[in-house]
Amino acid sequence: MKTIKDSVHDHIQVDGVARALLDTPEVQRLRRIAQLGTVSLVYPSANHTRFEHSLGVYHLACEALEQLGVEGKQAERVHAAAILHDVGHGPFSHNLESLTHRRTGRYHDDVGRLLADGQVGDVLREHDLEPEVVAGLVAGEGRFGQLVSGELDVDRMDYLVRDAHHTGVPYGTIDHGRLVRELTFTDDELVLDEGNVQAAESLLVARALMNPTVYSHSVARISKAMLRRAAERLLEAPTAGIDAETLQRMDDYDLTVALRNCEATSAFSRRLDHRDLFKRAVWAEIDDVPGGIIEADHESIREFEREIADRVSVDPAHVILDVPSRPSMTESTTRVLVNGEMRRLGEQSPLVEALRAAQYSQWRLGVYSPAELRDRVGRAAVDVLGLDIDGALVTEVRDGLETTLDEFVD
Amino acid sequence: MKTIKDSVHDHIQVDGVARALLDTPEVQRLRRIAQLGTVSLVYPSANHTRFEHSLGVYHLACEALEQLGVEGKQAERVHAAAILHDVGHGPFSHNLESLTHRRTGRYHDDVGRLLADGQVGDVLREHDLEPEVVAGLVAGEGRFGQLVSGELDVDRMDYLVRDAHHTGVPYGTIDHGRLVRELTFTDDELVLDEGNVQAAESLLVARALMNPTVYSHSVARISKAMLRRAAERLLEAPTAGIDAETLQRMDDYDLTVALRNCEATSAFSRRLDHRDLFKRAVWAEIDDVPGGIIEADHESIREFEREIADRVSVDPAHVILDVPSRPSMTESTTRVLVNGEMRRLGEQSPLVEALRAAQYSQWRLGVYSPAELRDRVGRAAVDVLGLDIDGALVTEVRDGLETTLDEFVD
Amino acid sequence: MKTIKDSVHDHIQVDGVARALLDTPEVQRLRRIAQLGTVSLVYPSANHTRFEHSLGVYHLACEALEQLGVEGKQAERVHAAAILHDVGHGPFSHNLESLTHRRTGRYHDDVGRLLADGQVGDVLREHDLEPEVVAGLVAGEGRFGQLVSGELDVDRMDYLVRDAHHTGVPYGTIDHGRLVRELTFTDDELVLDEGNVQAAESLLVARALMNPTVYSHSVARISKAMLRRAAERLLEAPTAGIDAETLQRMDDYDLTVALRNCEATSAFSRRLDHRDLFKRAVWAEIDDVPGGIIEADHESIREFEREIADRVSVDPAHVILDVPSRPSMTESTTRVLVNGEMRRLGEQSPLVEALRAAQYSQWRLGVYSPAELRDRVGRAAVDVLGLDIDGALVTEVRDGLETTLDEFVD
Amino acid sequence: MKTIKDSVHDHIQVDGVARALLDTPEVQRLRRIAQLGTVSLVYPSANHTRFEHSLGVYHLACEALEQLGVEGKQAERVHAAAILHDVGHGPFSHNLESLTHRRTGRYHDDVGRLLADGQVGDVLREHDLEPEVVAGLVAGEGRFGQLVSGELDVDRMDYLVRDAHHTGVPYGTIDHGRLVRELTFTDDELVLDEGNVQAAESLLVARALMNPTVYSHSVARISKAMLRRAAERLLEAPTAGIDAETLQRMDDYDLTVALRNCEATSAFSRRLDHRDLFKRAVWAEIDDVPGGIIEADHESIREFEREIADRVSVDPAHVILDVPSRPSMTESTTRVLVNGEMRRLGEQSPLVEALRAAQYSQWRLGVYSPAELRDRVGRAAVDVLGLDIDGALVTEVRDGLETTLDEFVD
């Protein structure tokens, strides 16, 4: 039994397959992947890694399994899945997901290969566990997959608390001890036991408040978009000789240095290193954006960027169009027992609909460019994208927001 | 300059009129008034007092005033109001409010007298402050009254964080540091500055989650109703010789011992001391309760209780009807600046309407009685009150809830 | 299984005999005994109770037993002892110990009776546990008694962390999670496993720093001495009709009100209620106090007080002589494994000797009186007690200290 | 005024020269220097950076200056020194200090150049501050230099609390709020005001407990020694083309990737990346080591390593001799006011001598090698270094310790 000290859960006891997996290069690599990518440019203390998060998820999984009375091989499978659930992440976690997945195919096929091959596969087989079953759990399949990846998974319970702890933002503090203790199964569905509607709501609310304040903070979005743009150019640079699969296996250190060394990306890299970021030229609400833009695929977006850049004769590298996908809220399907009956939280709680509306109202399309170009780029973007706002308004809204931002970066 | 250590705000520096007020008997008495009354029967750590809360409110008021650039006599007035804002509370804080105010007249007249008379009045006058102006601030009057008692007051900011700290429930953790820093005045209205919609929402959400989990937890409500009933009997006992005004000036120690010593209340007192509480015989949603019952005045409620007791021939002291007032949500009028314009949070945030609906759905009428009587009392109460549910259902709902409660008291 | 929320250990699960014991009047009474007595007059947040502490001790005992692989009846005995270990405390915890024990005989005989009689005895017997065995564990007897009351007991681990949490003083933060996990038995002796010298030292250091800052803070000592004096007068007042045994069974509420109502004690009571405390007239280091004074028994101390009062013609009630016993340091016998060998911490760690010396240097004899009398009383006390310092020096030392005290009450 | 959220101090307000300095590449680089270097291989949550620490030091400096009544240009100088005090650190903070300083000359000359040149120099001059004066403060010169680098500096206050927060080890929790508030000047010496002997001791104790548990944890020492060895080989590799000055300006990312890419260091790099570390072959107490070895210079140590390797015919890269310098304890000269007189803590507190003795008893010479070589290397090392212990004993001690270590990594 090995005991590891964690800043969130205090002592985490690691044993069996989990302990053996910790020593594989694939899991050790997670020490060098920042949990929140570029969010540390907004919250300087947010330097925690996927490694400590994976330990935390494993810890909560152990507590949940104990509560559910699950032991033996089935428990070991979930332990392995908890430790391994993020092993497929590329550098800077979610920041480059869309980029690498677009080029390497589905994330879960990739995880399947990672779990079957290399030292991870060896360890799993030595402990008599089937890599494909563990990969299925990571993908949320089956009765116990819900615990690793589902509406009530321990992944979310850990990251909300951990991200709150490390950013210093209080909104993620949920009662994970209670949530884990109140899990139960009804007809193979993971549900929260009687009397926990508030506890379920608090999970939802935590994510709804952390989202605009941390995960989608405008400065985090800008720097993430810049990083994604730089990585894209790296993949396209003939001299770099890096393909999507290689990129996906890098850690934050490899990628940072590769961006510094490649001529096509060194300017972006310098800006990221010195926190000399692009500024918002456009920041538009969902109702002011044509549906076609929201649904546009990657190629169309690149095309729009080039068109905006052409219009005002600037380098296309200096125009970034950042279009988030439509808001969704998976927690609305969380199941709770109410008077002996299983209900979806969305049916039970008026909060769900309100949080969905809040999310909708917080959605923003962004166009980013160097500070000195933003007026020109902003006007061109409104025009090219057919945004339903006139140039002056954009400037005003934008300035208002930028001012706030500079004065209260949290 | 005196520095006092606080478990929530760490070091609190006290000076001038605030320091002098701390030494008065009226403020020292707050050391013996539990902040949350009978909530400690649910959360055993919730033993904090009105004294430490008053210090916390003073501390946040100082920070807010510094941020607003307010100094001199005006600041001293607010300091005094912050320290004194709860000085009028009777024993067990809000638990007996309805009882004593019904009998002594308006709370704020009472505070006015307390601030003008005795050592508090002396201290205020020595510092050249007008008791009636300070009392006005406590009542929320004027530009700075909003800071002491209003939608964005420092009272709420302190109690949410403090109650969360002492109960161990994480839902009250708001970013008070940010809220206080972002206060500003627009046309004499206290508002949150640009970019703080989330911060305002978080304040709202914190109260909405703390409410059912802490403040209106069913066991807290039952014990509070029992305490209120006991106090009522004490006032009515000819031998006790205690009137409402005397009661209002007692501390928790006086009242506890008075209830033990009076024959008419000693049984209640023993139950409270031993946590041998009444149980819920009825727990009905707002839609199942006739409007007339919800609006009933104190006398009618006593009448209903007697009628229920008569119906099943039990001692009327063993039937308590607990009807909360209709839900309200004052924070919906919190003002925030959005793009330079002052807006009410209720207009801006879809959460407000949802939280109002949640509050409505959490409202419950309760009928409480000793465990062995609850089936009979429950059936009689449904009948007498004309509740729109049949007896069997009441029993089932009630049992479901009681089970949950006994197994997870938080 | 009942889950209780605690502000220190978060969720505490209570079952079996422990759960049944919680519902007895004897244990519920601990809700109304302040853990730190008059310390709340120095640290206003320190209002936690013996009840929550007892829950915490039970929680740590469960963790330790699990780690030691102890189950069944033996574990139940320790659970009961943990919940009950403070059930014999009188009002204001340790504050009146010397007084009541002097008059009622040994504490542990008393606990023996409490555990055999009343509802506690019934519950123990219903669970097939022998009251006298559980009382033995409370007294630290036998292999498992060390866990409840010994150098490495869970009592100390809980109170250090809990008192730090509630006062806001950071010095008590020990790594209780680690200490509990590293306990083991060697030849029936409870020891800390290999590699834990620092962990053992940290426990020692925590107590050494908490002592002068919290437990023996001069204002806490003064108010405790005043409370003890008041209680003594209450016992002696013919009209009050309260004997030592009755006093010992009171809670803080009973005693507070009894002191208010008795003519002989109401002046003391008013001073305590209003925090209008005596001041130090003498504050003397151990080397300046004749050995005879340090060893003096209770009667001689009362005699000295009367002599001092006579000398300057003041009411003897206005002179309190407070002589702590000689410093001791039980933790020095804590056993740790070092390279497979069991050693006493006092042999292994140079810190132990140093902390003993620090304790010695912090020892102070105090003489307290109303502020306006302290010069006269101080001079008389130096004379009567034969202290090796002249009157002027006393005044200077005392003033220096009082100034500091008034300016930094923590 | 910019407000930055910090996980330790909550909100930090940055203004004036400090705000401008934050935007320089030299300060932004500190975001990519881990505060504790390889300690994260022991405590996985310890990923905090020199950047957030520098913000924290600035924050405490502001509080101290406000308390001391220092404003204007003098305050701005200290603000700049606080933000810049770690700007000269090489990659992995203190881990490579001895290496780079040996090769580049004194640290403080280097800081002098950094502050005079580049954007930092520009910002200082724009704010009318003299780079050489600010560099003097960083070096601890003058009245205010004591605040930045001295026995009572805010650097230590921040790092103890921050390192405790991020490792999860509770021993560093000092009362920094009190320490900063109690600073004062007496004859140009920074001292702690009257009544703060315990507060001064707590600072000392915190460092004494954090040292063996965190800073000098054996796994942290082994990985640090491996990193130092790798960096040394990188400097010597003709193909790498990296000199000491270049190395000193790298960040953790640059160095990590450089070690991966250089043939001479890639094996070390792989071991560090996979946490496949050397083990202790020797772990000897100070009394068992000849004085000549403790005083040996770098060249002699390399010579000993080669001799040990030769003796058992292993690659010299596989033998690391790690000799810490003799223990020292600078805090012993901390000055406190006691009864109006300035005293050194070492004279006043018996703890100082004890902590010095504890430090002495914790000192260890280590010889590290791959696990499979450690028996042979251990025996050879005892022989070559003339250690006063026989081979068997070494093995036993070592095994005992390694077992502990593997089972409780904190």
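Observations, loosely collected:
Chains: A, B, C and D, in written order; residue numbering restarts at 1 for each.
By our rule, a contact is a pair of C-beta atoms (placed from the backbone, for glycine too) under 8 Å apart; a residue touches a chain by one contact, two chains touch by 3 or more.
Here the structure is a predicted model, which means the values were calculated and not measured.
Two chain pairs, A-C and B-C, are weighed by contacting C-beta pairs, with B-C ahead. Separating the centre of chain A from that of chain B, both taken as means of CA atoms, is a distance of 40 Å. The distance from the centre of chain A to the centre of chain C, each centre being the mean of the chain's C-alpha atoms, comes to 51 Å. Averaging C-alpha coordinates per chain places the centre of chain B 34 Å away from that of chain C. Multi-chain contact residues of chain D, defined as those touching 2 or more other chains: 3, 10-11, 169, 178, 181, 408, 410.
Taken pairwise by the contact criterion, the protein chains are fully connected, each one touching every other.
Those residues of chain D lying in contact with chain C across their complex are 169-171, 173-175, 178, 181-182, 193-195, 198, 201-202, 205, 209, 212-213, 339-340, 349-351, 353-355, 357-358, 361, 396-397, 400-401, 403-405, 408, 410. Across the complex, chain A is touched by residues 3, 10-11, 177-178, 181 of chain C. Listed in rising order, the residues of chain C touching chain B in the complex are 1-8, 10-11, 23, 25, 28-29, 31-32, 40, 43-45, 47-49, 51-52, 55, 165-169, 252-254, 256-257, 260, 273-276, 406-410.
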